[in-house]
Amino acid sequence: MAAVKFEQAMARLEAIVGELEKNDLPLDESLKIFEEGIRLSKNCLKILEEAEHKVEVLVQDKNGKKRIHAYSSGDAADEPSS
Amino acid sequence: MAAVKFEQAMARLEAIVGELEKNDLPLDESLKIFEEGIRLSKNCLKILEEAEHKVEVLVQDKNGKKRIHAYSSGDAADEPSS
Amino acid sequence: MAAVKFEQAMARLEAIVGELEKNDLPLDESLKIFEEGIRLSKNCLKILEEAEHKVEVLVQDKNGKKRIHAYSSGDAADEPSS
Amino acid sequence: MAAVKFEQAMARLEAIVGELEKNDLPLDESLKIFEEGIRLSKNCLKILEEAEHKVEVLVQDKNGKKRIHAYSSGDAADEPSS
Amino acid sequence: MAAVKFEQAMARLEAIVGELEKNDLPLDESLKIFEEGIRLSKNCLKILEEAEHKVEVLVQDKNGKKRIHAYSSGDAADEPSS
Amino acid sequence: MAAVKFEQAMARLEAIVGELEKNDLPLDESLKIFEEGIRLSKNCLKILEEAEHKVEVLVQDKNGKKRIHAYSSGDAADEPSS
Amino acid sequence: MFTVSELTGLLRASIEEQFSDIWLEGELSNLRAPGSGHVYCTLKDKASQIRAVLFRSSAVRLRFALQEGLQVIVRGRLTVYEPRGEYQIVLDTVEPKGVGALQLAVEQLKTRLAAEGVFDQERKRPLPVFPRTVGVVTSLTGAAIRDILAVLRRRWPTLHILIAPVQVQGEAAGRQIAEALTDLNDWGSVDVIIVGRGGGSLEDLWSFNEEIVVRAIAASRVPVVSAVGHETDVTLADFVADLRAPTPSAAAEAVVPVLAEVVERLRELTVRAGQVMLRHCAFERQRLEGGIGGLTDVRFRLQESAQRTDDLVDRLRELIQRLLTGGHTRVHEAQRDLSGLNPILTIKQGLATVPQFSKRLEGQMGVRLAQHRHRTHAMLAQLNTLSPLAILGRGYSILHTVPAGQIVRHASDVEVGQELDAQLSRGRLSCTVTRACDNSTV
């Protein structure tokens, strides 16, 4: 599922929304693409959530953060030299 | 019954209303097309209900629903991300 | 009896009224067409009543009626969807 | 006897009355046309009564009568329709 | 006897009276026409009675009479119209 | 060597951030290079962390052999004298 | 009279005595340096020239190279080269005119090396941005090392510094510096080398102008930063170095970034990357939500359609109701008209008229009958007044034969025993003839 490219899915989703908003499709067609749209939006959500989770995990990595702070706090000179 | 295209049914229903409005049909004809109209309207409503049900099912899919609602209400950030 | 077309019956009925209004018929003739007129008017009423009944049955079909009301009251969204 | 047309009978009856009133008939003739007149008047009455009865029956037909009154009083809309 | 026409009898009777008034007939002749006159007058009376009886019978014919009275009392307008 | 790696890593990281900030990559691409960037930054930090402060002096002993020893401010004597 | 040799000997003694130590200025020409190592040349000015020789022992002490046309100030003694009877000046020192010898030497070396391309900009290598190990070639005793160490330590507290201690002035300095550079290159892990010393005179800085140093710097595989003297002092080492720092402190600043800044930069990049990603995700999420919102508009459409259907049904119902009501109205009108035209009126009229007729009939018939009866009775009365039997009242009677009924007028009309009927005024008598008298008069 994640194999579906997010952008492609989003583009398709937006195209679907555009189609639906033009409001000139027969009901069954609308329903069909609505279903597709929902499926796409769920996929997109999943992808996005995975991405968000990944980003979050990567950004909040504890070790990395701690050390970065130690150095960036500008008191390097007080550190023991070895 | 759902095989009857909604739009066709609606078009026919409107034509029937138009026919009745012209008011130049004999009573039995009027009654006949009225019956047809009522039947059509029921079919249309049935189609719409089925469609609505489908939409609801698609949208309310447990995982999906929670998220879609959660997000559309603008507080996505409070949701746990996975 | 319902096989008699309403419009034909009404036309005949109105012709009878016209005939009677001319007031130049012998009694037996008058009586005959008066009788016919009465019978026709009853038939017409009967046709109308049958039509009304049919209309009623069509319109009050339980499922159909309920639904029509449910939707027309504008709170479709609160309805359970299945 | 009912085959005798009412109007003819009435005309004859009137003629008979005239004849009798002219007073120039022999007794037996008078008697004869008197008898005829009486018979005619009875026939006429009979015809009229039959007609009256017929009219009564037609008009007083239970359903029919009720409705004619109900509707002619202009409140048809308040009537239960079936 | 009834075959004797009333008017002829009356004419003969008048002739007899004339004959008798002339008073130039022998007794037996007078007697004869007098008797004839008596007879004739009785016949006339009889004819009249028969006529009256007939009239009575015709008029008093129960059904006819009753109705004639009912209707002739001039309250037809108060009758129910149907 | 490590210095080159670090520099390349930093350069790549800068490039990645630049790429990301141009904001024209598809989500998955962004995610991929973001991940790479995070990995790079961690590697860089690791490199920085592993480094130790050391000041050493490279001298030639009597046999002409090169060796190093820790620097202290009294090392002036070790300076080659000729 | 002298011999040539005697005279030449005398001149030589005289010249050598008189010109044993002279300064002379002139332009070098006819430079010759044959294999002996001695240098022969001519010093000249606009009008004259003098032969000069620089013996090898003096020549090697020269810091600069002798060149044709070079204006020089020389010191030496005059002598005579007896085999040829030529006088010449034996040069002890040669100084370039205008500039110092050292300076000229530097210029000459610079020109030479430049011709070789040693100073070419293309040869210069970029410094590593993040060196792990910094080599330092300088004296351990100078201020330079303290400055360098202090700056490096401040900027990059975890830096590895490898010092190759050298003399930075004196005869040995050039060689030591060159060797130190080679050593640091050979050591392998050095990323950048600072070579330098604090400021001083041209003489003090001499070793950094030595060819051996310049070549060592040029040959270094590790980028070299020169930091010689102060800002105004420029040595050939500075020209050949990959970067020239005005001071040792500046060199130290040039070779390493500030670790805290790098860490901060890393952190900033990480944060920016994270922010960009989160923004990206947020943007996509918003986009997605917009899409989802757009999708769920389908429900409105369904509701609209349902409403439209309901409207149509309502209209249908209204129309059919109107139709039916219209039908009812028409039927009722017809019924009303019909009931207005009910023949009952005619019938009632007839029912009223017929009895009138029969009444008139009956009346007329009664009158007629009464008239007839009256007439008949009148006739009867009249008849009675004319009755031939009236005489009977007066006492007459009339005899009738029986059964013939013949009025008996004559006695002869009867026979004895015959029965007769006597008609009296009132009643009748039956009589039997007992006797008959035929007597016509009484």
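Things worth noting here:
Lettered A, B, C, D, E, F and G in written order, each chain numbered from 1.
Basically, a residue touches a chain if its C-beta (ideal position, glycine included) is under 8 Å from a C-beta of that chain, and two chains touch if they have at least 3 such contacts.
All figures in this text were calculated on a predicted structure; none of them were measured in a lab.
Taking the mean of C-alpha positions as each chain's centre, the chain lying farthest from the centre of chain C is F. Mostly differing positions are employed by chain C and chain D in their mutual contact, as under half of the interface residue numbers are shared between these two copies. Note: centroid distance chain B to chain C, computed from Cα atoms, is 32 Å.
One finds 66 Å separating the Cα centroids of chain B and chain D. Rounded to a whole number, the gap between the C-alpha centres of chain C and chain E is 66 angstrom. Each of the following residues of chain G touches two or more other chains: 153, 157, 259, 263, 266, 270, 274, 277, 281, 284-285, 288, 292, 298-299, 305-306, 310, 313, 320, 327-328, 331, 335, 342-344, 347-348, 350-351, 354-355, 358, 362, 365, 369, 372.
Looking at chain D, one finds that residues 6, 27, 31, 34, 38, 41, 45, 47, 49, 51, 55-56, 59 touch two or more other chains.
Across the interface of their complex, chain G is touched by residues 6, 10, 13-14, 16-17, 20-21, 23, 27, 30-31, 34, 37-38, 41, 44-45, 47-49, 51-52, 55-56, 59, 68, 71-72, 76-77 of chain D.
Those residues of chain G that touch chain E in the complex are listed here as 342, 344, 348, 351-352, 354-356, 358-359, 362, 365-366, 369, 372-373, 375-377, 379-380, 382-383, 386-389, 398, 407.
Residue ranges of chain G in contact with chain C, taken from their complex: 299, 303, 306-307, 310, 313, 317, 320-321, 324, 327-328, 330-331, 334-335, 337-338, 341-343, 346-347, 350. For chain G in complex with chain D, the residues that touch the partner chain are 325, 328, 331-332, 335-336, 339, 342-344, 347-348, 350-351, 353-355, 357-358, 360-362, 364-365, 368-369, 372.
By the touch criterion stated above, chain A contacts chain B in their complex at residues 26-28, 31, 34-35, 38, 41-42, 45, 49-50, 52-53, 56.
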